[in-house]
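Heads up, the next two complexes both have chain A, just with different partners, chain B and then chain C.
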Partner chain A sequence: MYKKAINRPVISVFIFILLLLLIFLFWYLQIPGKVIHPMAEKQTIKAEITNDATLVLLNYLRTPIILDNKEIDMTDLIILWQNNKEKYSNILNEETKEIFGGVYGYCYTFNIYDNEQKYNFGSNQYMPGDSLTQVRIPTKEGDLIVELNPNQFFSRKFYSTQKGGIDPYKSCEVK
Partner chain B sequence: MTKAFDITIEYFWVIVEVIFVIILIVTILAMISVHFNRDIEINNMEAHVASMRFFFSPNCFSYSDGTRTYPGIIDTNKFSETRLDNCMKDYSNLRGFDLILKEKDGSVINEVQLNKNLVQFLPLCSLKKKDFECFSKREYVLIYDNNKIRPGILDINSVIKNV
Partner chain C sequence: MRRADTMFFIGFIVFTLVILVFATYTFYLSERKSNTEIIGDKQIKLLEIYGEGEKQLFFIDKSAEYVQGDAFLDLSSFDTGCGSKNNYYLWKKGFQDCFLTQDLIQKQFNKTFNSRLNEYFINYGGLLQDNYEIILKDNYVMGNAINPLNIKAENISYLITPNFKIKTDYNFDSLLDISEKAKKYSEECKDDLNCWNLKAQQSTYQWQIDKNGKVFMFDVNTNLKVGFFEQKEFIVKFAIDFEENPLFTS
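Entry: the complex of A and B
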């Protein structure tokens, strides 16, 4: 008891002073411009990708095309394709690749779901998982879900900006 | 002898205690510090948000029929430097924009620039050490021209000066 009565307060004061010193040290490190914090972390906000993809998908669906000497838009073509997949698959595939190819090269996933199954018109390197942006088209035969995911393109573009050596427009090309 | 030994043991454990307390405090402070010292890269996000005006605002290039505005449809009559200057006037002079409107096949329709003194740094974007940040993106757009709509591409390049 006697020993503790002498030693503990001294130690407590010591710890208290040490604590104050540490707090001061970290406060000093947090002042911007004085010290570059070793743990500083760079973050990239990726919400912009979704924003972009939504705009591109919207424009894709509104894109006018000429089919049998009639001007229709891509939404109409998708509905025609739903009714007659054999006849319209090629033209839908070509138009889709031409439109998205100009923006994302080969690095994107574009799917159309109908009540039968999922059809992929995008990159062959299909990556399952999250759909970045999607639109539901109501039809007589049931809803069609059209989804676009250009994540692959943006991750390659980001890598290319940081380290170089990759052309995001060509990197997913299947030769 | 036994008493002295007891005191030594006591001191030893006190030192261990102190070390543990210090480690604990350092860990807690480090965690707090890391949380508050995150350096969030917002230059790209700022440029992106600014560039969204081109597509969504009728005061920029977005086609409007008088009743509603069509986001993503670029009106060629609106695609001018005066308009770009007006629609971005509340943004500071620290941002330069170079916009190239192209046909689907890549042929250039028109090019407009804002803050040309900054845009001239675009060819230097690949440099590692620079006091500005670059931002570029390509957007698939629809072009409204002579009451008709056709597909096109808008290339957006931006230079943001670091402060």
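Entry: the complex of A and C
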């Protein structure tokens, strides 16, 4: 009788502890960041930036400019530059700086690949990273690819100061 | 009996806990597997596909803009069905007339435009060759896609009809006008060079006429300049073979 009287509370406590463990396990699995959230958050932000960069780049290419009293767009200017780099480099640089500067401030990389040779416009402080978007321009001479990478702007803006990096607003100077 | 009750009770509790732990573990594993199926994943893919679609539409629009001038210049000389002589296509061969018509020009323009577009599209994966029905009307080139663009990613398929419309500085009028004049003069002058020269002087176009036997060769400057980056003169080239005896034709 005495033995049995002790057994019951012990069993109850044992069961209570097990239930607590079980509840803790459920709670642990539901902690944000343990199972689902990190990838979802990261991909959403990247997609937003990528899509935004694509639209910005396409809008840049469609931006009308006046050259020699004739209205053309930035795509046409890039093709003219491809055929005569010396003559059109300055105007291409100026227009690019004006358009992207208005969107991304200081830090972005804008590259033109002409026959696999890379020409850089934009920030002169290149930070290697994923190229976010590329657009192909039709030319008779072969492939002409333009690439916009505002990634360094975002990464510096959000992370560099935390890691003791350089202030993006002061460090990136457009050529 | 009391001992049996206790044993049953403990057994029942242990059994229940085993089931609960198993269910939790299964739930945990299923969640781990679903990491790739994150919330918003499909929407992100859609955004990426939409972006790719916009890039392809941009490429098509610019290609059409750049080729339209060259495609029109190609109309300056093409086979109308009577063959050629001395590097000139014949618009008349003896009794056979092959003068230009609206349909003939439209058909040829459709062919040359698609051919020019293909040169640009060939290196761009996903863009279809000979995929346009081209119409030139009221100084606008309209390209109606025969098949839609199909951009695929995983199990998403995004269909776009990549039609385009471009404003031009030209139409078929000058070409048809020259053809009508050539037909009229050929009936009036036949193989009389002086008569042809007289008619040419009265025309608004600049006619250059060369003669080789019964074959007359024409270079008619329409005063039109066509081209996007480089403007070229639109000079219509054709020949008329007045030899009516088939024994003398080569």
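One rule holds in what follows: the second predicted complex is superposed on the first by the 112 of 175 C-alpha atoms of A that agree within 3 Å, B and C clash if a C-alpha of one lies under 4 Å from a C-alpha of the other, contacts with A are read in each partner's own complex, and residues count from 1 in each chain.
In this text, a residue touches a chain if its C-beta (ideal position, glycine included) is under 8 Å from a C-beta of that chain, and two chains touch if they have at least 3 such contacts.
Predicted model only: the values in this text are computed from it and were never measured.
**Student:** Once the structures are superposed on A, label A:64 by its partner contacts, choosing first (chain B), second (chain C), both or neither.
**Tutor:** first
**Student:** For A:11, select first, second, both or neither according to whether it touches chain B, chain C, the two together, or no partner.
**Tutor:** both
**Student:** When the two structures are overlaid on chain A, which partner does A:109 contact: first (chain B), second (chain C), both, or neither?
**Tutor:** Neither partner.
**Student:** Scan A:22 for contacts with chain B and chain C and give back first, second, both or neither.
**Tutor:** A:22 contacts both chain B and chain C.
**Student:** Between chain B (first) and chain C (second), which does A:56 come into contact with in this model arrangement: first, second, both, or neither?
**Tutor:** After superposition on chain A, A:56 lies in contact with chain B alone.
**Student:** Go through the superposed model and pick first if A:80 touches only chain B, second if only chain C, both, or neither.
**Tutor:** So A:80 only meets chain C here.
**Student:** On the A-aligned overlay, A:96 touches which partner chain: chain B = first, chain C = second, or both, or neither?
**Tutor:** Neither partner.
**Student:** Enumerate the residues of chain A that count as touching chain B in its complex and touching chain C in the other.
**Tutor:** Residues 7, 11, 15, 18, 22, 26, 29, 39-40, 43-44, 47-48, 51, 55, 58, 62, which sit in both footprints.
**Student:** Residue numbers of chain A touching chain B in their complex, please.
**Tutor:** On the chain A side, the touching residues are 3, 7, 11, 14-15, 18-19, 22-23, 26, 29-30, 37, 39-45, 47-48, 51-52, 55-56, 58-60, 62-64, 98-100, 102-103, 164.
**Student:** In their shared complex, at which residues does chain C touch chain A?
**Tutor:** Where chain C meets chain A, its residues are 2-3, 6, 9-10, 13, 17, 20-21, 24, 27-28, 31-32, 34-35, 38-41, 44, 47-48, 50-51, 54-55, 58-59, 62-63, 66, 119-120, 123-124, 228-229.
**Student:** Could you please specify the touching residues of chain B with respect to chain A in the complex?
**Tutor:** 7, 10-11, 14, 17-18, 21-22, 25-26, 29-30, 32-34, 36-42, 44-45, 48, 52, 55, 71-73, 104, 126, 137-142, 149-151, 153
**Student:** Please give the residue numbers of chain A that touch chain C in the complex, ascending.
**Tutor:** Chain A residues touching chain C: 4, 7-8, 11, 15, 18, 22, 25-26, 29, 35-36, 39-40, 43-44, 47-48, 50-51, 54-55, 58, 61-62, 75-76, 79-80, 83, 133, 135-138, 140, 143.
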